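Both complexes below contain chain A, partnered by chain B and then by chain C.
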Partner chain A sequence: MIEVTGIRKRYRGRDVLNDVSFTAEKGELTCLIGVNGAGKSTILKLIMGLTPLTGGTIRIDGQALEPKLYEKIAFVPDHLTMPSGMRLSEALRFMADFYESWNEKRADELMRFFQLEHSARIGSLSKGIAAKFNLLLGFAQDSDYLLLDEPFSGIDLFSREAITEVFTSDLMEHRGVLLTTHEIGEMEHLVDKAVLLKGGKVSLSFHCEEMRSEKGKSVIDVMREVYGA
Partner chain B sequence: MNTIEGWSEVAFNNRDPVYLQVVRHFKERIATGRSSAGQIIPSRRELGAFMKINPNTVQKAYKEMEDQQLIITEGNSPSRITNDTRLLNQIREELLGDAVRDFWGKVKNIDVPIEELLLLVERHFREEGEKK
Partner chain C sequence: MNRYLKLVHMEIYRFRIVLLVLMGITALCQMSALIWMLKKALSDLRGEHPEAGAYFSPIPLRISFEWAMFNTQMWFIIPVLLCISVLSLYVFFIWYRDWIGRNAFIYRLLMLPTARRNIYLAKITALLLFVLSIVSFQLALLPVLELVIRLVVPAELRADSHIIDIISSNQALVELIPRQFEQFFYMYGAGAVIVAAVFTAILLERSYRRLGILYGLLYLSGCGLVVASPILLFGTNESVIYLYPTEIYLMLLLLFLLVASASVWLGMRLIAKKITV
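Here is the complex of A and B:
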C-alpha cells in the first residue's frame, strides 16, 4: 500500500499541496483527479523522491521512503525522457542495464502489442507512439507499484484504447496502479478508487463501485459536484 | 479454447454499479439461452479485457453470482454456469418480473385502463418487431 499522510508542498511561496492524505492499494487502480495545476504530478514526484517534501509522510508497504524501495515502484512521467537520438532498441537496453526489475520478455510482448519498431528513433516518434513507448518503459518493470502521470493526455482514441487494454491485462495483476488525470473519460469503468484534489487538499476519495451503489453517481457526476463545472 | 466467442460488448451505464450490470448481462444471456447450464464462462481477466472493465469488478460480479449460486467455481478449474435448471428457469421470470415492476412504476400515475395499456404494449411490441 502507498500511504500518503498529511503531505505538504510549498513551492515558490505557494502551498501547492496542503495536508493531502490518501492510500493506493496493491491490486487496485487508484486515480488522482484534479484540474490542471492541482498538484497531481507533484504528488507522484514526491512519492518518487524527485522533489523534497515540505511536511507529512509517505510510506510504501509500511516503510519510509528510501532508495532501495524504488525497485518496487515504476514511474512513468508525462513525457518520454529518453534522449531523442536513441533507437528504441537502445532505450530498452538502457532500461535493462539500469533496472534490476526490468522484464525483457514483457518488454518484447509490449513492443509487439503496441506495434513499435525497434529501429525507430525516440525523436522521430509521433505523440501517440511516444506515449505507448513511455508506458512500456514503466509496464515492463516487475514492480509492485506503477505511477503514471497523465497517461492519456493528448493522444488519439485508438492509442487510448490500446492503452486501456493493457490496464485490463494480466500485466496489471496484483500491482497497485496510481495514475493522474484531469478527465476520467474511458477510464470510468477501469478505476477502483478515485481521489479528487482541489485547492491543494483531497476534497473527496471514494471507491467508484460503492459510489454507484450507495448514491447512484458516476465518477463524472461526483466530479461535477466537486469542481462545479 | 476461446470461451469469449459469441459474447457481445455491453454498453455499461456509469451510474449503476458495473458489477451488477455484469450480473444482469449474465442473467439475460441465461434467459435467452445464449449461456446454458454447465457452460464454462470466460475467466475474470478475459471478460474484463473484453468488456474494457476492471478485472476487480468482474471478480466482484463473479463473487455475487457465486453467492446467488448462478455460477460454480471448483478449485482451480474455470467457472461454469450452474446445472440447477430450476434456478436457471427462475431467472427469466425474475428479469421479466423486474421489467414489469419498472414499467408499472412509470405508468401507474398516468391512471390508464388496463385494456388500453395492453393494446399499446401490443402495438409497440409489433412495431419494434418489424424494425428487427
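Here is the complex of A and C:
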C-alpha cells in the first residue's frame, strides 16, 4: 500500500500541497483528480523522491522510499524520459540493464501491441507514439505499483483506446495503480477510488462503486459538486 | 556488472562521438602541420625555397623529431586548447543535458534502483576518463608522428630523438604530460577537485534554482578562498614566510583534500535529498 500522510510541499514561497493524506492499495486503480495546478503531478514526484518533501511522510508497503524500491514502483511521467538521440531498442536495453524487474517478454509484446519500431529514434516520435512508448517503459516492469501522470494528455482517440485496453488486461491485475488526470471521461469505469484535490488539499476521497451504489452519483457528478462546475 | 560501472559506460557512450572528433582533430592538426613543416624544411635544405627558413628556427643539417616538434608548437597547442575548452564546457553539459529538451532524462536517472551517488560518481569518473583518454591518445600519437617523419624525411637527413626531449621541446606536451608522476598526480588531482566543486555548484543550482545560483557562486568563491588562503595569509615573498616550503605544501594538500571531501559529500547529499526535477 502507498500511504501518503500529511504531506506538505512549499515551492517558491507558496504552499503547493498542504496536509495531503490518502492511500493507494495494491490491486486497485486510484485516481488523483484535480484541475490544472492542483498539485497532482507534484504528489507523484514526491512519492518517487524527485522533489523533496517539506513535511509529512510517504511509505510504500510500510517502508520509506529507498533506491531498491524503484524495482517495486514504476513511474510514467507526462513525457518520455529517455534521451532524444536514443533508439527505442537502446532504451529497452537500458531498462533491461538497470532494472531487475524488467520483463523483456512483456516489453516485446507491448512493442508489437502498440506497433512500435525498434529502430525509431525517440526524438522523432509523434506525441501519441511517444506516449505509448512511455507507458510501455512503465508497464513492462514487474512492479507492484504503477504511477501514471496524465497518461491520456494530448493523445488521439485511437491511441487512448489502445491504452485503455491495456488497463483492462491482465497486465494490471494485482498491481496498485495511481494515476492523475483532469479528464476522467473514458477512465471513469476503470477507477476504483477517487481522490479529489482542490487548492493543494484533499477535498474528498471515496470508492467509486460505493458512491454509485449508496448515493447514485458518478465520479463526474461528485466532481461537479466539489469544483462547482 | 554493477550499476555504477553501467552508468560510467553509458556516460562514455553518450560522449563517444565528441571524443572521437576531438581525437581526429588533434591527429589531423598535428600530422598535417608536421608534414607541411617537414616539406618546407626539406625544400629549404635542398635550396628550393630559401625563404622557407623564415618560418622556423635555423634548420639543422639533420632533421630530428625534437626539432620538428619545437617548430610546430602552435599546431599542438590549438587542439590541446580545443580539447580543454570542450571538456570544460562538458563539465556543465554532462548535468544540464539530462534536464534540457523535451525528454528530461534526469527523471529516469534519479529513479534507477541504485544509490544516487552512483550518478554523481559515474559523471566524475567519465570526465576523468575523457581527460586521460585524450592524454593517452596524444602519447600514442607520438610514435605515429615519428613514423610520419621517417616516411617524409630521407634517412641521411634525419637524426634520432629521445622521447623525453621530444616532449620537452613542445610547450603543449610539457603542460599536458609532466615529467614526474608526482606532478602529473597533483595537476590532474587539482583538476578533479575543481570539477567536484563545480559539480556541487551545479547541484546547488539544480536543487534551489534561482537562489541556488547564488549558493553555487558563493560555494565556488568559498572553495577558491580556502585553497588560496596560504597565499592570502603569508603572501608570496618566501624570505618573510616563517613556514618551511614543505609545511606550506602540506597545508595546500590538506586544503585541497578538504575542498574535495566537502564537495563530494555535499554533492552526493544534494543529489540524494535535495535535487528537484
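Criterion: the second predicted complex is superposed on the first by the 229 of 229 C-alpha atoms of A that agree within 3 Å, B and C clash if a C-alpha of one lies under 4 Å from a C-alpha of the other, contacts with A are read in each partner's own complex, and residues count from 1 in each chain.
Just so it is clear, a residue touches a chain if its C-beta (ideal position, glycine included) is under 8 Å from a C-beta of that chain, and two chains touch if they have at least 3 such contacts.
Since this is a predicted model, take the numbers as computed values, not measurements.
J.: Mind checking chain B and chain C on superposed chain A, clash or fit?
T.: fit
J.: In the superposed arrangement, does A:His79 touch chain B (first), chain C (second), both or neither?
T.: A:His79 sits against chain C, while chain B stays out of touch.
J.: Centred on chain A, what angle do chain B and chain C make, from Cα centres, as a multiple of 10°?
T.: 160
J.: Using the touch definition from the top, say if A:Pro52 reaches chain B (first), chain C (second), both or neither.
T.: Touch status of A:Pro52: second partner only.
J.: In the superposed arrangement, does A:Pro67 touch chain B (first), chain C (second), both or neither?
T.: A:Pro67 sits against chain C, while chain B stays out of touch.
J.: Quick one: classify A:Phe158 as touching chain B (first), chain C (second), both or neither.
T.: neither
J.: Tell me which partner A:His189 touches in the superposition: chain B (first), chain C (second), both or neither.
T.: First partner only.
J.: Could you tell me how near the closest CA atoms of chain B and chain C get once both structures are overlaid on the shared chain, in Å?
T.: Checking C-alpha atoms only, chain B sits 29 Å from chain C at its nearest point.
J.: If we count contacts the way the header does, which residues on chain C are in touch with chain A in the complex?
T.: Residue list for chain C touching chain A: 3, 6, 10, 14, 97, 101-108, 110-116, 273-277.
J.: Can you name the residues of chain B that touch chain A in the complex?
T.: Result: residues 12-20, 45, 48-49, 51-57, 60 of chain B touch chain A.
J.: Enumerate the contact residues on chain A facing chain B in the complex.
T.: Against chain B, the touching part of chain A is residues 27-29, 164-165, 167-170, 172-173, 186, 188-192, 209, 212-213, 216-221.
J.: Within the complex, which stretch of chain A touches chain C?
T.: So the residues of chain A touching chain C come out as 45, 48-52, 67-71, 75, 77, 79-84, 94, 97-100, 122-123.
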